[in-house]
Structures are given as structure tokens and as C-alpha cells.
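These are the structures, in C-alpha cells.
The following pair of complexes shares a single chain, chain A, combined with chain B in the former and chain C in the latter.
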Partner chain A sequence: MNILVLIAGVLDPKWPVAPLGDGLPERAADRLILSPFDEAALEIALRIRDAHSDTAIRALVAGGAEAIRLARAVAALNIADVATVALAAPWDQAANARELAAVCDDADLVLMGREFGDCDDGLVPPMLAGLLGKPFFGRVQVVEATGAIRLMREAAICEEWLTVAQPVVASVTNDRRTRLRKPLMKNVMMARQARIEALTIGTLAQAPTGGADLAGVSAHAGARAMVDCAMIGGSPEDQASAIAALLVEAAR
Partner chain B sequence: MKDVIVIGGGAAGWSAALAATQAGLSVLLLEKLAESGGSSALSGGCLAFAGTDLQAAQGVDDSAGLLLRDLCEVGQHVNDEALVRAYCEAQLATYDWLKAAGVGFSPVIETASGQSVPRVHTVDPADMVRTLRAAAEASGRVEYRPGVAAQALVQDADGRVVGVRPGSGEDLFGARAVIIASGGFARNPDLLERYAPQYAEAVFVAGAGSQGDGLLMAEALGADLRDMAYVKGTFGKHPTDETNDHSLQAVYKGAIAVNQDGRRFVNESISYKLLGDAVMAQPWHTGYQIMDQGIFDTGDDRVRILDFGRRLEEGLFYVADSLEALAARIEIDPDVLVDTVTRYNGYVDAGHDPEFSRTHLVHHHGALRRIETAPFYAYPSTAVVFGTYCGLRIDNAARVLRSDGSAIAGLYAAGEVTGGFHGAAYMTGSALGKAVVFGRLAGMAAAAQ
Partner chain C sequence: MSRWHVFGVRPGGACPTLLPAFEEPTLLVFPATAEGEALCGAIAAASGAAMLGRIASLAREGDALVASRTTHGGRIAVRLRVAGGLAVAVVNDMPDLDGEIALGAPVEPAPERIARADQRVALESARIVLGGGRGLDEAGFALLERIAEALGGAVGASLPAVDLGLAPVSQQVGQSGKFVTPALYFAVGMSGTPQHLAGIGSATRLIALNNDPAAAIFRVAEAGAAADARTLLPLVLRAVEARLAA
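What follows is the complex of A and B.
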């Protein structure tokens, strides 16, 4: 089985966020870490490989040069094929999905964190599945890898299991049962020398066409630049009205 | 002007301050960081005492004499026996003194590195330092200045140390003594490169203030140094876990240590400092503590270095239902690991380990255990340098000595900044023990002169 794990990375919350001129925080190499969802996706891939030694894992880490350090951390999990992929518009779900679709090749199973690159929207994984024309299974919590590979998510009153019998895109959420293992020291040291390929838009294959009609998002002159910080007081109704007024103002 | 200036606010510094104030002296304690506590507060909270009421309550027959023998053995007789003897003679009174000051001890007594009988007395180390500080400050005779770093020692015309020079402002003077309790140099790359190049790949965990400044200040006045060749890391630190600084000592409960090739490389019962040396010589500077469920169940969640359950919850153990599967998890040839464990179990049965001469779980204590009951566990382990265990040569009154054996008048030292006590290796609890025992002795000596 060929597994592709797509890694978004997040800013390490132990550091204060320092916005750059465009209002977005700097993704410095020493401040990028795996998100809990990235970690769970990786652990699920590793458990499948533990049980099926013929499994090949490829990992792509979103970002440019700043992501190489994080890519080496992924390589330290004894994943030989790790590359970075520079996404042109990190906050545009549709653009992300299109670009990622171009690198999914013939993966039998695509695993990615449920919040890949879009805060809590969780739109990129299903968009990617739509573009690839593959089934989508969201919020995976557990893998059962002895024998057939089965993915599980909890619904309100039951568990839902998917047997991976055909290529599928799955988003993964964090769960204490899939906490990422620590790398072996020998692999950490070998990862320091690992070759990390850097993919850019120019090197990507053409993204598949068709599938979902993706709306995506567009750049917006945000409220951050237009509205000074203000203390909102009064009753809850007054506060709600004040916030709504600010949002309306920001949207103009 | 105060009677005494203490440099450093860890366990040694606050012990010295408390003892001095109890003798009626006034004390100025300088701490270069914003908060006191130092490496003591980061430690495992183990103190090596012998003959305590806690030991007696558990039927442990221990004595100052046995402690002396163990300390000299584990230090391979490189240590200064007079200094070790001073510790042994003062340790029980120091234990009672700590309790009187309000320090709380766990009722659990464990056995660890270099101990013939259970004598690990456990405290919350940060809380112990806070308690010592509170007791000292309650006297009303301590002035505490955080954020003030001593840059140099000040001598009078006769060469007597009479004060310290801070980074800014006027010199500070102590009428009777200056006590250096500034910690080791585990955060000073230059000194580490000079004295411990073999540990370049080790993990370092020490208080931010462990820069060796006290050592350098005294050395500038001609102070002699001891044990500088014996900087060692502690075996048992998980090499790739960055959230947990403590080591784990499953070997002292019966685990074996194997390297990445799946082979044992050392007698696992020796001091974890010597185990640290051994693991640093292995491929990737890493080994694994291998145990079965029976050994795992002997862990103790009240002692950090034996808290196997917590490390399991933290995801730091590899676990498998067979040795072959465990080997696969840690990328060791399964046949080699099975062979290693099988041969070791044979040594346990025969009562003879022809490879490494292991006879006990730890030092002279405990019968060896077979590794046979699934599931099996592997804990990745490298060496971590918590402290430097060497430094200023002192006498049994904590006076700093020159190479000719003469004392530098007015200058005392205690805690990690001093050498000569540990020798070539280390007994669990002797570093924090050294801090409080010699800190107290230094404070008392300053008052007695």
C-alpha cells in the first residue's frame, strides 16, 4: 500500500505570535511544529506500516525552506520519502486542494490533519477528495491494521468503520489512542543527513480537473488593518450589536 | 555591611543562609536570576541520608559507616575521604535540621545508584528550596537580592576575601565570609568543551544560572579544582523526548541495557554515571532499558526515576507482546535481542554473569530478575548531564583551598560548585545531599570563625 501523509505544520504556541506586515504570523523554521492532527495522521500511517511491512509512506510538509526542519522531524520517524511543498495561498482552501491534488500521485490512502491549513474549517481534505475523485472519510480517530485496514471515527452514539478497500482520502483528528510515537535516536541523527526534496508550484504536475466546483476564499482587506482595538462593554445584547457593527464596518 | 554574603539561591545557598542566620549572623544572598531555586529545583529531589527514622520505620538497617563505604566505593576512591567523612558525620543532623525547617519527606525510601540499602529520601526539590528560603527570611536577618550577579571576589590588603563585585553598582562586603553556592557549569559551553568533550552529544538539563561563574571567580584567586575529569551524564534520559527532563532507572529494578545492535554493553547495576559513560560510547549514543511486565510492576509512582507508569502514559515506552515484536519496534534484529535476553536469563538462573559480572539489581542490593513475562517494554535511554559534580576544592569546613592545601581566607563554597566529594562516579541523592549538608556546614563555619 502507498500512503501519502500531508503535513500542514503549525506555529509552536509556546512562542508569542509576531505578525508580519501582511498581518499573518511569520512561519519561522524554529517555530514550526506538527499539529496534533498532523501527528495523529503520521501515527496512523506508521501503525499501518508496522502491521504491513510492504507499506510505503511518503510525507509532504507544507511550506518552503522554512519547513525543511519540520520535514526532518518527519523523516526521523524512519520515513525515507519526505519533501516540502510550497503552497501559493496558504489560507485559500480551494487553492490548497488544487495544489495538493497535483502531488497525490497514485496514493492508495491519503491521510491529513482535519484542520489542514484552514483553522477549524476542515474543508481542504474533502475538497482534495473531490478533485481526486476519491471517497472521503473524515475525522478518523483510530486505525485497525491487523488484517484489513480499517479506519474508525466516533459518531454521536456509535462507531463508524471504513475498510480501506479502494483509494481514499481521510482526514484525521487527534485522539489519545493515536498519539505519535517518539523517533529513535538513530533515525533522528540519520534524518539530519536526509535529502529533503523541495516541491514548488512550478514543479507540480497539473492538478486534476473536474470534481467539485471549488469556491475557495479571496484576499480581503481585513478588519485588523482598519479597526483599532476597542473595549466593548454593556449588556450581552449591546456587546453582540457592537461586534456585529464592527464586522459590518470591516466588510465594507 | 552584612556578616556573610552568599552567592547563589539554590539548595546550598539557602542552606548556608539559614545556618548562618540561626547562628545569629546577618546575610546578603545574591541570586543572578529573577527567581531562586537553581538546578536544585530542577533535580529529582533525592537525598542520600543514612540512619533516619524513615529508614528505621521500614526496617532498613543503615549507618554513617555504610554510607561512607558506599560513597567511597562508588567514587572509586578518587573522592576526598575526609570530605566524604564530613558529609557522613553531618548528614543525619542535617536531615533532622531540614525537617525542623519544615521540609517534607516522602515516606517512600528507595534504592538507587551506588546504594547498598534503600536510602533515597525524596522531597519536592523546588518546595524544599522555598522552605529553606522562608525559614531563613523568617529570621529577619536575610537580605535577598535577585537579579544581581557577582562578577568578582573582593580581597583586602591581606588577601582575605571580604566581598563581591556585582555587575553594576558598588562592591558588596561581608564582614565574616563569602560563601559561593553558584552551582556548576552545565550551561557553559566553553567549560564543557574544556572538561567534558566526550559529552558533546549528550542532553544537558541544568538551571540557567549554571554558568560556572563562581568557579571562575575563585579560580582567579588561586583556588584548586577537584574531579574535573569526572564530569558525567546520568543514564536513563529519553533521547528524543523534550518534555520530560528526568531520567528513568529501570535497570535498578532488573531491566537490562542493550544498544542499538541489541547487545548488552555494561553491568547495569553500577552507578548511573558510569552507565552514562558507557551509553555515550554506544552507536548513536543510545541504548534501551529492556524489561518485562514483572519488572515494570515494581515501578513506584512516588519516585520520579522509578515512575514507569507515568512514562508509559506519556508514550515514552515501546511495548509489545513478544521480544521479537519489541525488537521490530525499536529497529533491532529480533534474533539478536531474543538471544541477548535468553542468555541473560541463563545468567540469572546460574547466578553468574560471565559477560559483565552483574550480581545485583543496584550496587550490592537486590536479586536479579528474569525477563520473561509479556508484555515487554523498551525505554530509549541516553545520558543527561544534570550537573557537573566537580569544581572548587574545599575542606570539611567548606573552606576553599589552594593547590598547596592552604585556605583562601574568608572564602567558603558549597553545593555543585565544589569538587572532591563524588570522585569518579555518583550515588543517587548525593548531589542534593551535598548541597544541603555542606551549605549548612559553610554557614556554621562562617559563624564559628
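What follows is the complex of A and C.
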């Protein structure tokens, strides 16, 4: 099986971010990390390879020179085929999907995080699937690979298990059962010397069929307004009673 | 919107490849659910529509449509301008619509469905949500479950709590999780990051419990207690049960 893992990377949330002039924050190499969704996609690919030794994993990391450090972190997971792919406009999901479609080759399984990079929504994976003409299976949480490869996601009232019997694009979400393993030190050392290919997208893939323009970027304080919080004091029993009153009142 | 037509899309109906012809310019808005996102992406791929993402607001500037959304975990706001044609977006709250249409789910391989044993009140429709953060442990989450059960509510969790294995990802609330609009959200042991708060409707009343009185959650909560959840949650459960029995 040929697995392609598409890695977006995100700016480390531990650091503050600010617009860069009129544009998005700078994707500085030393602040670019794997998102929880990137990590889960990688771990699922690795577990499939653990169970099926004939599995080939290729990983593409979004970005140019700034993404090489991240690409080496991916290579340290004993993934030999890692490349970077520069995307023209990280804020434009449609453009991202079109550009990625141009480099997806003939993978049997395309895995990617449910959110692609810092876009804050899950629209790139299904659009990519549509562009590739492949079925889409979203928000995968767990893989079972001992026999047939089965992907699982939890729906509201059931678990949904997909047996991968045909090429499919799957987005992956974080789950405690698929935490990314730590790399072996020998592989970390080898990854420092690994050749990281830099892919460029053809102009055909970049040409939009419909598009939006970036009209402004600003810092965002959050969706909720600040309020004066009424702090509940007194003994623990008093505090518990006051909280219980609010909860029960709202429940009725 | 001046000359723009805005249609809400209800997942379920005709195959998306049979997209009806719209009098452009038209914006199609989909619910920001897993199903809505999958359908929106498929429609964008099939139609070449401009993709606006998960938008928070819409405005017009002349004949152009301007949408606002956040990036970087809710820390950056971007404005996108689209001049015409067909555009698509997903929303938490539907804007004023010119109409509603139904479109079918994209072609998906049929998965095997197995009923879950832990079925409870659905998070998205619960009247009360008790949200736990990484300030809780397994015992704390177990207490949240018992309080939620007593109240007929549901338990949510922050992304760090999910990463720690304290709650399943299906209970994750926030920018990367579910969007909930209960009457009341009780945030316990969580700092109140913008990423988490982005998953709670603006009309939802918020109360908080955190042992750090300087926690950011108290800046957006209407009431709160600075206390140790391990001490207070058992007392809250007892007080809730007493009130309900009275």
C-alpha cells in the first residue's frame, strides 16, 4: 500500500502571533510544529506500516525553506521519503487543495489532519478528495491494521468503521489512542542528513477557477466579550450551593 | 447583501455533482458540522467556487461580499473579499438567507456502524454542558459525568484534556471540536483559551471553577469560584442532587 501523509504544520500556540504587515503571521521555522492532527495522521500511517511491511509512506510537508526543520522531524520517524511543498497562500483553502491535488500521485490512502494548518476549519481534506475524485472519510480516530486496514471514527450514536478497499482520502483527528510515537535517536541522527526534496507546484495547479482576495488581517482577541465575573465566595459548601443553584435553574 | 444571493444548504438530498444553476453572485452556506464541511468541500471541488472557510460574519462593500473568519486557533482575524460568481462557506450560526436548499452528502464508502455503549445526551443539543479541562483528573471527569447525568446535561472537554486521554475526542469543544450552544456552560479546570471559547455560542451563559483566580476564564464568565475542583465538585454533586430532590 502506498500512503501519502500531508503535513501542514502550525505555529506553536505557546508563542504569541501577530499579523505581518497586511499579511498572516510569519511561519518562522523555529515556531513551526506538528499540529495534534498532523501527529495523529502520521501515527496512523506508521501503525499501518508496522502491521504491513510492504507499506510505503511518503510525507509532504507544506512550506518552503521554513518547513525543512519540520520535514526532518517527520523523517526522524523513519520515513525516508519526505519532501516540502510550497503553497502560495496558506489562508486560501481552495488554492491549497488544488495545489496538493497536483502532487498527490497515485496514493492508495491519503492521510491528513482534519484541519490543514492554521486555517481553523476542516475544508481542505474533503475538497482535495473531490478534486482527486476519491471518496472522503473524515475525522478518523483509530486504525486497526492487523488484518484488513480499518479506520474508525465516532459518530453521535455509533462507531463507524471503514475498511480501506479502494483509494480514499481520510482526515484524522486527535485521539489518545493514536498519540504520535517518539522517534528513535538513531533515526533522528539520520534525519539530520536526509535529503529533503523541495517540490514546486506547476502554474496550472495554481490557476484558480474562482477565488477570494485577502482584504485584511488583524489580531483577534476572541469571540466572547469580557464581563465582570461575580466571584462566589464563602465556605466550600456555600460555593457548591451557589453553583448548584445556577446549574439547577438552567436545567429547569 | 446587495446583489448577492445567500442560500443555506441542508445536507441530504440530490447528489452534489448535480448542483443546481444559481443566479450569480451566490453564496452557499453550510452548517459547520462534519457533514456540512464534507459537503462544502465537495461542492467547492465540483464547482470551482470561491472557498471562504468557516466564517463568523458577512458584509457587503459595493458589489463585493466580505467575509470575516479567524485563523491560528482564533488568534488572527482575516477578511476575505469575493467580487462575484459562486462562493461557499461554513457557519456556526446561519446568516439571513434568501432560501434554503438540500444537497446530498458526497459519495462516501459505506462504513460499518456499531452502536456505542456510552450513549448519553448529545453534546450539541444539551441544555447544560459541563466542560472539563486539564485541571481535572479522571476522578474529576467522573464527577462531571455524574453531575451532568443528574441535570440531564452533557460533558465537554478542552483539547488538552482530550490529549491527556481524560475524555474522548467526540466530547471536544472548541475551535477544533464541537460548537455548542447550551443555556449554561460550566467550565471546570480550564484556563479559557480563545480556541476553546470559540466552540461556545455567544448567547450561552458561562460560569467557571478554577483554582487560579487570575485564570482568563473568569474574564468571560458571569460567575465563578476560585477553588480546588477536587474539593468542590463532590459538594456540587451533593448540592445538585439535594436541590433536584427538594
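The rule we apply is simple: the second predicted complex is superposed on the first by the 197 of 252 C-alpha atoms of A that agree within 3 Å, B and C clash if a C-alpha of one lies under 4 Å from a C-alpha of the other, contacts with A are read in each partner's own complex, and residues count from 1 in each chain.
Definition applied: a contact is a pair of C-beta atoms (placed from the backbone, for glycine too) under 8 Å apart; a residue touches a chain by one contact, two chains touch by 3 or more.
Because the structure is predicted, anything quoted here is derived from the model rather than measured.
Looking at the shared chain after the overlay, A:19 reaches chain C, while chain B stays out of its contact range.
When both complexes are overlaid on chain A, the residue A:124 reaches chain C alone and has no touch with chain B.
When the shared chain is aligned, chain B comes close enough to touch A:78, but chain C does not. Looking at the shared chain after the overlay, A:182 reaches chain B, while chain C stays out of its contact range.
With both structures placed on the common chain, the touch criterion links A:141 to chain C but leaves chain B unconnected.
Once the two complexes are overlaid on the shared chain, A:50 sits against chain B while remaining clear of chain C.
In the overlay built on the shared chain, the residue A:91 is in contact with chain C alone; chain B does not reach it.
Look at A:65: by the touch rule set out above, it reaches neither chain B nor chain C. Of the two partners, chain B and chain C, it is C that touches more residues of chain A. Chain A residues 179 lie at the interface with chain B in one structure and with chain C in the other.
Residues 32, 34, 37-42, 44-54, 56, 66-67, 69-83, 85-87, 90, 106-109, 111-116, 119, 122, 127-128, 147, 151-153, 159, 162-165, 168-170, 172, 175-176, 182-184, 186, 194-195, 197-198, 200, 202, 205-209, 213, 218-227, 231-232, 235-236, 238-240, 242-244 of chain C are the ones touching chain A in the complex.
Partner chain C is touched in their complex by these residues of chain A: 10-11, 13, 17, 19, 24-25, 36-37, 91-94, 97, 114-115, 118-131, 135-139, 141, 153-163, 165-166, 168, 173-176, 179, 208-227, 229-233, 236-237, 239-248, 250-251.
On chain A, the positions that touch chain B within their shared complex are 50, 76, 78, 179-189. In the complex of the two chains, the chain B residues touching chain A come out as 238-241, 260, 283-286, 315-316, 318, 328-331, 380, 382.
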